[in-house]
């Protein structure tokens, strides 16, 4: 377990996440892709903190902020889905883009 | 190696087995004390029931999510074991003395919701499905209360480690220092094991809810896991509020076992005394009454820790 | 070492749970279709039970996500609470006040009711 | 070797029984509930013995076959006051209530020890629709939502949601007639969206319920009021027993049952009432189901009085007037008001019974009588289960079932209840009913 | 000896966990059941959380468990609510522009991987005596209350936002307003859903336009 292997793992997670976020038609599945990307980002942040940050607390704080971004993205995303579904009865990304007048 | 690894592991397994059996017996004792007739040998009854479930064939539904359906009871059991692993039996005898073991227990609570939902979902049967969804409403509500209450006990300990939490109770147990804490936490325990008034997952109005379609060995594992979770919870409650292994004369593991027994008795009694809450009322109660109470508990604990 | 002990315990419990199901069941025949029909007191369903289930408490779950995020901040705070003294107390007061505003607002909007 | 040891051990436990109720079968339930060797279960998956109690009408035979097939192996059946189907192997018919617990225990024990073979499936081993090998992936489905994957179509959206405008899928299914939370024999077609009842159609009305003989006598000739009122209180207590089981208050429900079995003029309700209100039965449990005035009139009896109508035929009887009777009422008309009403009426009945016994008062008006189910003057109170169709939509599942339990909708049978089985009183085991 | 053993054990554990994280992360997009997809993602998160604990970030790793358990439960609820065929009883593949997506994913991995392999980072491991949780707490409660305050306010905004958006009593008006009739026929697409071009190349397409 070295910094390089950790970063490779993070890169793999981010790669899968990018695939998911781009390929999925459903808005909810798209969010899964985003979450996976953030998963990789968090891992990378912790890896840097552990191996080359000399233990500065900002490294951990960054992870927490990413997690907060994730939570907010999820909460707002789902709230939007509900609002959009109520309006349009649809959950596809294509339909959501149609909402932006 | 032996005292660091095998002894704590053995202790956890032992407590899991004995504790699960104790729950079954205690529940029958409580029931018979409250006037529910019980057949002769209360001590043998849990074994006879287990033997019957082992001989009964396992049921199936038309198109279940097989893997999830079989995995859910085993995962729930594993979660209970994981919960028991963070309980310190004495100052040195503890399986997983993580610096953040309080948070680890919080994770067990959150993951229990996942597993119970999975159990209800994977049967692909209406009553089980409703049970699973109902449980999520409860599981997502009690988790906050539990976290606030446990942060309350972490304040005087200045640590998120259960051994430190116990050490901080040397002078005075948390149950006295933070009087709101234990009652609130007990409600969490009823919720985690969907016991008695908070049995929203396997309730009677759903003909057994998430368990309505299982029979035979999976049902046995599910019941055992529930009992084991109750034991794990009582271990954590005894550690966080009743001073864990602390006590005169007797060795630490015995003390905490006695305290766990006391917590278990209260839980099982509550489970038999109160009617099942309506799900909607339950959510409102948790968020509007109990959660503010846990705020008060936290403020109380904070003031107490600073004085 | 702690993690290793935890791992052993988890694997033992999971394995016991799976074995206890698998060992007695391996010789049992697959139940008949008539047994596998979902129990509805003698009634029958029109369809599979899996559906786009209308979760009646969905706004509560969204509220919870935001709420839980705050818990992330509270755990480290608890560790340094005594060290920081009154300042930490004030921060907590502010935090709880914010949370309370959120709850009261959500309650007034009927979030905890079944939608 | 080990296996036979396991089976011997399994034979020693409580007998898990799934009861299927035929006509006049519900008395069995109340008898077995107090039997320490018997465990009544709510789902056939949790049972090893299927008990068919009472005669099952022809239109409920198909559901009975379905339930019969849903017990996992090994299982057996027992028929109580009902003729076993001829093609079943080794089934026993029991007619005496006192023999029933013993017979159930024996059946379970023989089954576990291998002296009795398991019953067999009655229905053909076929999926509800043929699917194997069909469809896009051999799963029986077509496209995304079509076809019959694994034998059943997928849930689809049929109607708008009635609460919040999120129109998601709804599930339609038929529940009953052997669902324990329903009045015996009732079946309904229900559509749920989430756990909210969207539509409810009662398909099979519950069996007509037999009343105590004294109500039949009261229409012919004056009878002692004490007897009438005790029978009334007993009827209400039985209803409360079922509802408390549903609410998860096992021990209080059994206490209610003991009180009902040992009911006499010296019984009091105070302990039970206190237990219920202390434990939050009126505040915490599922409720709802408010009856409108029209609906209340249609169903009559305590349910109507709980909704504020003060109709009671007893008020027109001179005997009752002499005892100072006036109807008690609630106003809310919902589930909890009905339970309060029922408790009040039981209390009132016990009080009237005490006074009537002391003064030996008899009813004076014949031809019409206030039964526990409602007024019976020209016609017997008829089945009112159609009321559920308008009452339950919009309630969530728990509230809907609590409402069903709180309403006594079954019509009255034209025959009084058979000779009261001697076993019921013996099962009480020393409970006089005073000490509750 | 002890430390070497320990190191080897950690390496094996890391390898297993990394495989688990990647495989389950991949399975998220390859399973038909929405519930399974959410919980696969949860397993991926948990694996990463355990790796974090191995990296001595004990708080973050464990916090990952409970945060993600809750988030993924909610995710599963919403997935099931809004996706047709949520349990994947009929296998399906709801993707568009799949080739581009695969390309982008692989490119992302290659670029980031190359950076990881080629760039050199300072070698400054966590000092031995550091208590990660305490240092994190000190950082948060640092000189000003900025972090706490801003976090609190942002999250309060989020709370109010989700309530406004999702509650049917919210400012978007009562439930009935704006809701559309259900699909023109059972199982069909919802009425009022815009037409889309059939550009997707991802094999079996889920839309069936009935006319």
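For reference, chains read A, B, C, D and E in written order, and residue numbers begin at 1 within each chain.
Just so it is clear, a contact is a pair of C-beta atoms (placed from the backbone, for glycine too) under 8 Å apart; a residue touches a chain by one contact, two chains touch by 3 or more.
Here the structure is a predicted model, which is why all the values come from computation and not from measurement.
*Asks:* Shortest hop count from chain C to chain D along touching chains?
*Replies:* 1
*Asks:* If I count C-beta pairs in contact for every pair of chains, which pair wins?
*Replies:* A-E
*Asks:* If you average the CA coordinates per chain, which chain's centre is most distant from that of chain C?
*Replies:* For chain C, the chain whose C-alpha mean is farthest off is D.
*Asks:* Could you name the chain whose CA centroid falls nearest to the centroid of all protein CA atoms?
*Replies:* C
*Asks:* Which whole number of Å gives the spacing of the CA centres of chain B and chain C?
*Replies:* 14
*Asks:* If you average the CA atoms of chain D and of chain E, how far apart do the two points sit, in angstrom?
*Replies:* 47
*Asks:* Roughly how far is chain A from chain D, centre to centre by C-alpha average, rounded to an integer in Å?
*Replies:* Those two chain centres are 52 Å apart.
*Asks:* Go ahead and note the Å separation of the Cα centroids belonging to chain B and chain E.
*Replies:* 28
*Asks:* Indicate the residues of chain C shared as contacts by at least two other chains.
*Replies:* In chain C, 3-4, 28, 31, 33, 35, 37, 39-41, 45, 48-56, 58-59, 61-69, 71-73, 75, 78-80, 83, 88, 106, 114-115 touch at least two other chains.
*Asks:* Return the residues of chain B touching two or more other chains; collapse runs of consecutive numbers into ranges.
*Replies:* Within chain B, residues 54-55, 57-59, 62-63, 98, 100, 103, 121, 124, 126, 133, 136, 140, 143, 160, 207, 212-213, 216, 279-280 contact more than one other chain.
*Asks:* Mind pulling the chain D residues that touch 2 or more other chains?
*Replies:* 43, 45, 72-73, 127-128, 149-152, 154, 156-157, 163-168, 171, 173, 179-180, 194-195, 396
*Asks:* Can you give me every chain pair that touches, using the contact definition above?
*Replies:* Touching chain pairs, listed by label, come out as A-C, A-D, A-E, B-C, B-D, B-E, C-D, C-E, D-E.
*Asks:* Along chain C, where are the residues that touch chain D in the complex?
*Replies:* Residue positions touching the partner: 28, 31-35, 37, 39-56, 114-115.
*Asks:* In the complex formed with chain A, which residues of chain D make contact?
*Replies:* Result: residues 165-167 of chain D touch chain A.
*Asks:* Taking the touch rule as given, give the residues of chain E at its contact with chain B in the complex, in rising order.
*Replies:* 33, 35-36, 39, 42, 53, 58-59, 62-63, 65-66, 69-70, 72-74, 76-77, 87, 89, 131-133
*Asks:* Please name which positions on chain C make contact with chain E in the complex.
*Replies:* On the chain C side, the touching residues are 3-4, 48, 50-55, 58-59, 61-73, 75-80, 83-84, 87-88, 90-91, 94-95, 98, 101-102, 105-106, 109-111, 115.
*Asks:* Taking the complex as given, what residues does chain A use to touch chain D?
*Replies:* Residues 82, 85-86, 89.
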